[in-house]
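Two complexes follow with chain A in common, the first pairing it with chain B and the second with chain C.
This part shows the complex of A and B:
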């Protein structure tokens, strides 16, 4: 075969292969100095059943920042209408966070999530955060005081995501979608509280499908991080027992009986004693006693948390997935939740404490 | 002595017998031509004809004139005790001998002619290679003298199987070309193809071996060299040892190695001196650098023009700020900076060494820093241009380094029109083109395409010498094993 023909055939075949990946050969003009990449959307309830969406522009240049807000029926309508009021075209290709107001979340966020999912320009590595309070006020204040305040929020979420450090539970769009559309699973999202001065972590929002039903805070949130997620806790503070455990890792084993009437939860908890303000000395006997107390305390709190979930008919722990067996008949969602509500729960903790640096006498 | 050369010349010339008048006529208007008449003690009249600029005058007096005048022999052939003394019959032989630095010796009475080689040893000493310099290993390099170059190779391969066949090419330059190969090892097909290639060369003047390679190559329009040029005898000796052949060209220090593959051009003599792990790492770095040098700037243009989504957020901050006040689009910005870089590179080659520092200052500070401050180019691009330029020099073969500049421009244009997919298409085009190239009719992408897995031990990495017991399969050597026990 002639050389030119061979070259052409090879090049043609490889280019066809390239095009089958659905890469477009007519790229959109995105000259970076002419566009304004949007880093976040803030969605809250507007007037007359509308949504109010806000973002900060320009998000990265050394220009005076502005907070734009629009009343819209649809999320994408906002994206279009923003372009009509700003001299740079806003692009969502770098959208990294979507902040959803708690009130909107209580009504359901499936439509918002779906509109983000079907947008090919939006990455699924997009953090979803529930916000309570005056987030707009917080942003306006921050924009006056700091450059790139929203960027620091993104870095904070990314930091906790990378290290699986359960201080927060950052959830991205992909994870949320997976939890939302997987049978026997309900999603959860971190909740932040905003006011003029602060933007502080509140806890974890538990959803029933796409609707926020409960926000877990403080001890409940810590128990959830340990039992419901792969995270570890840098500190587990138990003020009631005057003790703080550090670098707490857990290995959780859920076991259902054959009739799905009883759930056994076995939690192997590893950590070290970080702080103890109690009155007992730190000898072996007292430490063993303390371990038993902590185990009993954690068992009680976990059981309580589980009961709350049963009451709310929600299953963020994905316990229902343990009913799936090869060749076995799968339960419908309805059947599972009915069994879940009435299930007896038995929790057993086994605490392993790391060696103390020096023995107290 | 002139047997091989006659092949190329005799067919086109008539066989005029050599005569003094004929030679004198040929030497008309050549002021460095000399015709001396001498008479021996025994009364024999001898004419010495030579070109002063080509012969060693001191040796002429010592080895020819003195013995000739003082000798009492009855014939000239007895008087000159030279081991290399050939009879000359035709005028063409006489002319060729004169031009090759021989002395023509004519016994006038009986009209007998001899040619005695007495070339002037006009050559520079053996120096270290400047184009392929290394820290460890042999330092010697070829010079412009072909005989000296053959000596350097023969010293490394003192075997009778190392054959050298001589050819003369160039109707004006009469350049000697020597084909070297190891008989019984190098594939005879390569030798036949190379001989055919050299014999088919029909051109007047040769200044360098690259012209020889250009006339022997099939893919003349390609930017990729299909013969490896080197001035290192150790590289040539190694090439011969694995079954490649060498073409030496007179008056140039650069030998040609063939058949070669693209991957041969990424190999450095130091690869075989360093520890294999280190050498492998460095070789991988070379491939990565080559890829970076052709793709980095086009990628910058593609990302800043079309695919801002792919830029890490932190980098996007820096880029947007850096580009916000520039008058040019990323394509023109990159294009201008690359052209300037090429100008600086070319200037640095032409300028005398002492002016090099000035060039560094102008290139680095004035053009680099000032262009950023003046708002012609972004800081990020300057950094990328610098990285790409340095990366391109990691490839040991300078011709390939030059080639990647052109590839960079092609990819740059594609990136500015189609973005990342344009770069992908460009790379596909390059890959297809490479696949179509051959070197002495052998595939240029071997051992990747066609696949010779065993040869991969010394392609992307340089495997341990202990494991490299076989010669590369893609070279189809007649002796497969490098160890004596297996052959």
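This part shows the complex of A and C:
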């Protein structure tokens, strides 16, 4: 008898456990045939203050792809409305990328990002990307031509994240939020430009809190990748001096004086000569000369970029964090920005070039 | 029906189990909630300082445990206080036990619900969860105490998952600074919370009769305390390095969110797997508390000399379940109430840990002197 009671309690517990895991008690239905796990959202400005959000379905299945777009007031409202117009239920558990149009970003994206952060289904490794141009057109074209175009976009971002290579710096939700909420730092996000044919890297968008204030392109972007991030550049192209440096690593040293009125930036840059199309021959003397020209050029560009940042009251280089010491008081966010805007900046580059593969003449 | 013997002592349990029980009772609270007032780097010093203070308290507790009253169990308490006083004291003790039980259950259930079953009714989850604990508890006190070893080893390895957060690109050392801060009300709250986290070993008072008498008990408690402090430090520093103080304040469950950030080629949702492991820990805690509760009921209703009955235990469990479901439905509905309950639990467990060991030691000293 005692055994019977014990067995029945055990059986009942097991049944209850099973019930909570799958059927009954209103769980969510995740039958693979009936759902569409979307892997990206594209958010764009719609008509009269609305947002227009788009996604491609079905993401992986071998079925004809469609691009859905909806006019909504709220991001998550889009998630609901998509379900109502499509025969599969959309799931956000596999969401990997969010593309935000530049126009929306200029208005501020904190609310969009917040709504993603609340959802426990959404991974913190979600990539945030700013796009300009006709991204919808690009997607439509790609869907006709090849399978899983959006998946390859994800692989691209993932590739650069893993390699930590400065060609571009993918930013995920966690990194963005951390930059947004930490004092003295402003976020940055990579920018892509889309048209019917191409989806090409443009540069880095610099934010003031959550609003886009400036897109750094070409040379500015390269300087930013070298000085502002931990990355290395595979190629540093300086067309003006007809030179390309390869595998450029930097060690950056920010030095603030005690009253925070002067900033010394010392950049130690290591790389090798990859390409030189100039008129001077490559002998030791000319290389020495070239080195100092590159140094002077980089110093000037960096200084200019810093001035620009000061002018826009933003600090994506996170220089403010260098005021923090293990013991002692820290400045408030406001105090820092006030000091930052009026700071004198001095930049010093030191370039080390690796040996040339051939004997120079 | 053959009567069940929940509180029978067949074979004394090795004293090393004290380490597992004491440590698991201590950390549990911190695992479930990561309060915002402890999310500062200067709290590192307070954790170390309070850990040392807690060691002193454990020494007092060990004084009681090795006294002649303690080893006799219930009879010892009767000898010390007299039957009436014991009944009154037990009735008072019901309150912290019930609060601890409800706070643990409801917190765990709401975490589970947030991450795994967002559309399932919480009452149902509470019911299933308590059913599991009941199943363990009905095996008897001895087996439940032994279950602490399983509970310890299913959870302790999780701490290793926090090591990646000590290295770049996840970590930035600058996040840890500054290590000092001006004194404020938040500091007091933080200290109180850390003390509450270190509480728990006082429940050993109820479990001593089942354990083998051993001089090493104090050594095991010390180790438990050290492991707890290390665990707290590892988690706190990792989360500060990863989030930074300002962003950390906005995260409700950093402990789980951080593991979620790790990438694994097999499981994408590591958090779900981890919550399932924590279930072992929680079931152990709650089953012990249920048994203690049943024991307390028997003392209050003068049933100590009689056999333990299945009916009595089930009634205790049903009342507890009903109480917790009621609390969850009506008195735990918004953020303010949530905070109030957390504060009640923090104050109560801090209080019991601080005063009960000294109270018992002083009482036994006075008694001995009168003789």
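To be clear about the criterion, the second predicted complex is superposed on the first by the 331 of 361 C-alpha atoms of A that agree within 3 Å, B and C clash if a C-alpha of one lies under 4 Å from a C-alpha of the other, contacts with A are read in each partner's own complex, and residues count from 1 in each chain.
Keep this in mind: a residue touches a chain if its C-beta (ideal position, glycine included) is under 8 Å from a C-beta of that chain, and two chains touch if they have at least 3 such contacts.
This structure is a prediction, so every number in the text was calculated from the model and none was measured.
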| task | Would you check which partner chain A:7 touches, where first means chain B only, second means chain C only, and both and neither mean what they say? | result | first
| Taking the superposition as given, does A:151 touch the first partner, chain B, the second, chain C, both, or neither? | first
| message | Between chain B and chain C, whom does A:29 touch in the aligned arrangement: first, second, both, or neither? | response | first
| request: Once the structures are superposed on A, label A:123 by its partner contacts, choosing first (chain B), second (chain C), both or neither. | output: both
| said: Once chain A of both complexes is superposed, is A:182 in touch with chain B (first), chain C (second), both, or neither? | reply: second
| message | By the touch definition at the top of the document, which applies to A:37: first (chain B), second (chain C), both, or neither? | response | first
| task | Considering only the touch criterion stated at the top, classify A:328 as touching first (chain B), second (chain C), both, or neither. | result | second
| said: Per the definitions at the top, what is the overlap between the chain A residues touching chain B and those touching chain C? | reply: 6, 10, 25-28, 93, 123
| note | Per the touch rule, the chain C residues reaching chain A in their complex are 1-2, 4, 114-115, 117-121, 124-125, 127-128, 131-132, 134-135, 138, 168-169, 174-175, 177-180, 243-244, 246-247, 250, 257, 260-261, 263, 268, 310
| query | Can you list the residues on chain B that touch chain A in the complex? | reply | 218-219, 304-309, 311, 313, 316-317, 319-321, 323-324, 326, 329-330, 418-421, 424-425, 428-429, 431-433, 435-436
| said: Which stretch or stretches of chain A touch chain B in the complex? | reply: 3-4, 6-8, 10-11, 14-15, 18, 23-33, 35, 37, 39, 60-62, 91, 93-94, 96, 121, 123, 148, 151, 154
| Inside the complex, what are the residues of chain A that reach chain C? | 1-2, 5-6, 9-10, 12-13, 16-17, 20, 25-28, 93, 120, 123-125, 164, 174, 177-178, 181-183, 230, 321, 324-330
